[in-house]
């Protein structure tokens, strides 16, 4: 655990995830849970079983007994998504108090993707030619530099920092100390390491999940991957289909079942994808 | 109360505060408080006395029984301050899902102020000539238009909305449904209608406080103004000075007192200002 | 919606669930969600589809836009479970300020059950003879009356209410105003209408879910039942089994699969139960 | 800080406050605050000044960067007051899962006080004769023992733990792991170390404030005592009186001032008490 403190990961143009402080770990999850049961310490194997049981049955409070404080640097368009998670404690660099630094996000060309048609809030991997990608990256860099020059000019004219900064683009980097307990952090990762999240915030979330949490609380990490990240949920209607298919004496195909045909087209596709069939 | 629903206030370039829905009011505060006391309804005058008592003694839970949902439009640099208040429920317009509109904040010239020296995070009213103010306003408008053109070009090239928007400036307007209970809303206003808040967010907070809350919960509003907004707090050290001055048999001036001289220069100034003396 | 206000349900000895106030409903969920998409009103059928989509994909914030305030009466051993849900606003009757009333919970005989061996925190339906059940109910009633007499005696001797009440049993009724938004309330119901919850709190939760929420937000209720209450989640390991069984060319039985045999005995039983096989 | 871990304080019959884990301290408050200002480390004296500034101006977020986890044992009538503080993480001993222990609160005789007439929710120190006090303490002990015997009998008859425990009195001890950040903990102490809090919970809060926090974060403790616990707040009306009295050329006594006479009798008394005059 001590080895994690001050460990840092860099990403993107100027991005940073650094562990400032930690409290607890797998041991603390177990200890907090055992308070409910009035039990003392057990073997490591029993600890693993208990953590998996807690995760599987959504007994979330013992995971709140672990806390991590991170030092983060990210562009403002990511920070705006980040702070929607309300159960954190944070202190952010103040653009009213201090001058913003000349640090802006510029996407790698392969991050510049075409608007997805299937997913109105996302992008798709193929479809943009390299020149369009490169032009956008260059435009982003040029545009930021130009605006930073404008910002410095405004400051030179005596204009208050809080006003001068309003013309900066959403690519400008901010930094913060950000603290969350493990239960809420896992929930954060379940949303932000999801394929529907914007790729930039997903990169941060992936570091937090697959680096920080994995090293900090390996048993919790394993249970979380098995019971949340790589788990699937089936609706009441889908469960009826599953039960019919998984029990003998029913020779209808899924496609012939009333329950399947009662699903919306979108849900049919989601269902087939979950059970590993091509849509 | 019904008259308030759908009432709206416009401010700045494209700003909006609109009441979407309300729950409770002064009556609900009183009703919730009386549950603790096991008492029924009383006269209006007793209601006023009870609300003032609750406010004075920081009995905050009855004020949580009132809730307001607002429709807000504000530029992103304000939205970033706004969402720091974590006890709200909100849904914001998604720049990943929908195209951003051509709406940007442009400050009136008298909002463009000089950096304050006394208050590192603020600005001061005098000191900038009109031309500098006007130039900044024009630059802000021009700069936004230019970036909006760039944004539309990126979209035309097929670049995903979530990526194209990163070059927009912090002046771009966003909108949201935002809901908070009265206790947390009063706290919000105590911080954001404070002279240290940036003037733009203060304008929103003032509308919420002096228009929405005042009409919605007039007794609570009156008590809040008397016991919070226009109240002052004196530290242990300052209380010693006050007690010595306010009770007979002490002919020392404040400036001669050890307690006063033990304060830091900054606290001395704050103290004198609170008791209405020029610093 | 107005018809729900002041509607009340009685349960157990002196229990009460009464709707004091409501804000929002299915319409408000839809309206709040559409703010993200920048869209206006749609048909009822599209509203239903949207609510089901939000529920299925865990887009929880629009459900926070609905709020209910309830008047509740319950014994203290239930109230202690109740207040573990931290995202509520509440005001409770004060046993320091007011005298406790002569109201105590006495279980019906069929609520008096044997300690479960399988479920260490629960009870089992069969196994206690009627006389034991009746004796316990009578003992509970007698014991409460005796303690209430002791309480009144203490008060008569001038002992402060806050002290006199400490000898009352956990069956004594308290009452409160309790307010929660719909998202958190659904989560409350998912935990407290679960078979693992103690039967007494389940009775309250069932009223809130199947009476209050069902009438208040019928589309949300339907979606919640389909996608949460009657849904099932399968772990990564279980998903592997499902995919093997549901796709052709695999003639192994579940019991022969390595993935099945890798599950703990407890998880094997949970898995079989989910897919409708007897354990 | 390490010295505090596992340190414990015993109080009352079976009460316990034990430090399980800590994160942060005065240093962490300063570090988190400086993130906003973009500044590095400073001298200890500047740290003290910064912490006092943060406390005085209610900049609360840096105090959230410190977290303490406590192991607590307390009777249920205190636990019910305790859990009203919603910003904590906790896990409590489960009376459904495990058998309750034979541990009950019995007040010392001097804790048994007369009902206060001035303060409807409190007690007064003088007025009860020793025999009444002793009789109550004895009754409390006897009553608990009797109920514990009844509890054990119910368990012996096979009745589920979750049901058998309902006849236990509010004096029965429970225990929990309870975690809170420093900002919320100070708020907890400001309410529970207040003279209006019930003496039993005040004893716990005093240990947390004057022992745990004082040793853990001495600079924060000092600032909190000066700017919150021993500070006083004056309403708008009271401030008018203060300003008139503290500035020359006004020879009216407080009692002659319209502002004073405009206060309710209760507020007049509160005002006089604050400025150190007998009511």
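A few points about this structure:
Labels for the chains are A, B, C and D, by order of writing; each one numbers its residues from 1.
Just so it is clear, a residue touches a chain if its C-beta (ideal position, glycine included) is under 8 Å from a C-beta of that chain, and two chains touch if they have at least 3 such contacts.
Bear in mind that the values here come from a model prediction, so they are computed numbers and not experimental data.
Using the contact threshold fixed earlier, the set of chains in contact with both chain C and chain D is A, B.
Using mean Cα coordinates as chain centres, the one most removed from chain C is B.
Spacing of chain A relative to chain C, judged by their CA centroids, is 30 angstrom. Per-chain CA centroids place chain A at a distance of 31 Å from chain B. Chain A and chain D have CA centres that are 37 Å apart.
Contacts with at least two other chains are made by residues 94, 97, 120 of chain C.
Across the interface of their complex, chain C is touched by residues 37, 49, 53, 56, 225-227, 229-239, 242-243, 245-247, 254, 264, 266-267, 270, 274-277 of chain A. On the side of chain C, the complex with chain D involves touching residues 75-77, 79-80, 83-84, 86-88, 94, 96-97, 105, 107, 111-116, 120-124, 127-128, 132, 135-136, 139-140, 143-144, 147, 150, 154-155, 157-163, 165-171, 198.
Those residues of chain C that touch chain B in the complex are listed here as 20-24, 28, 31-33, 35-38, 61-62, 64-65, 67, 69, 71, 89-94, 97-98, 175-177, 179, 181.
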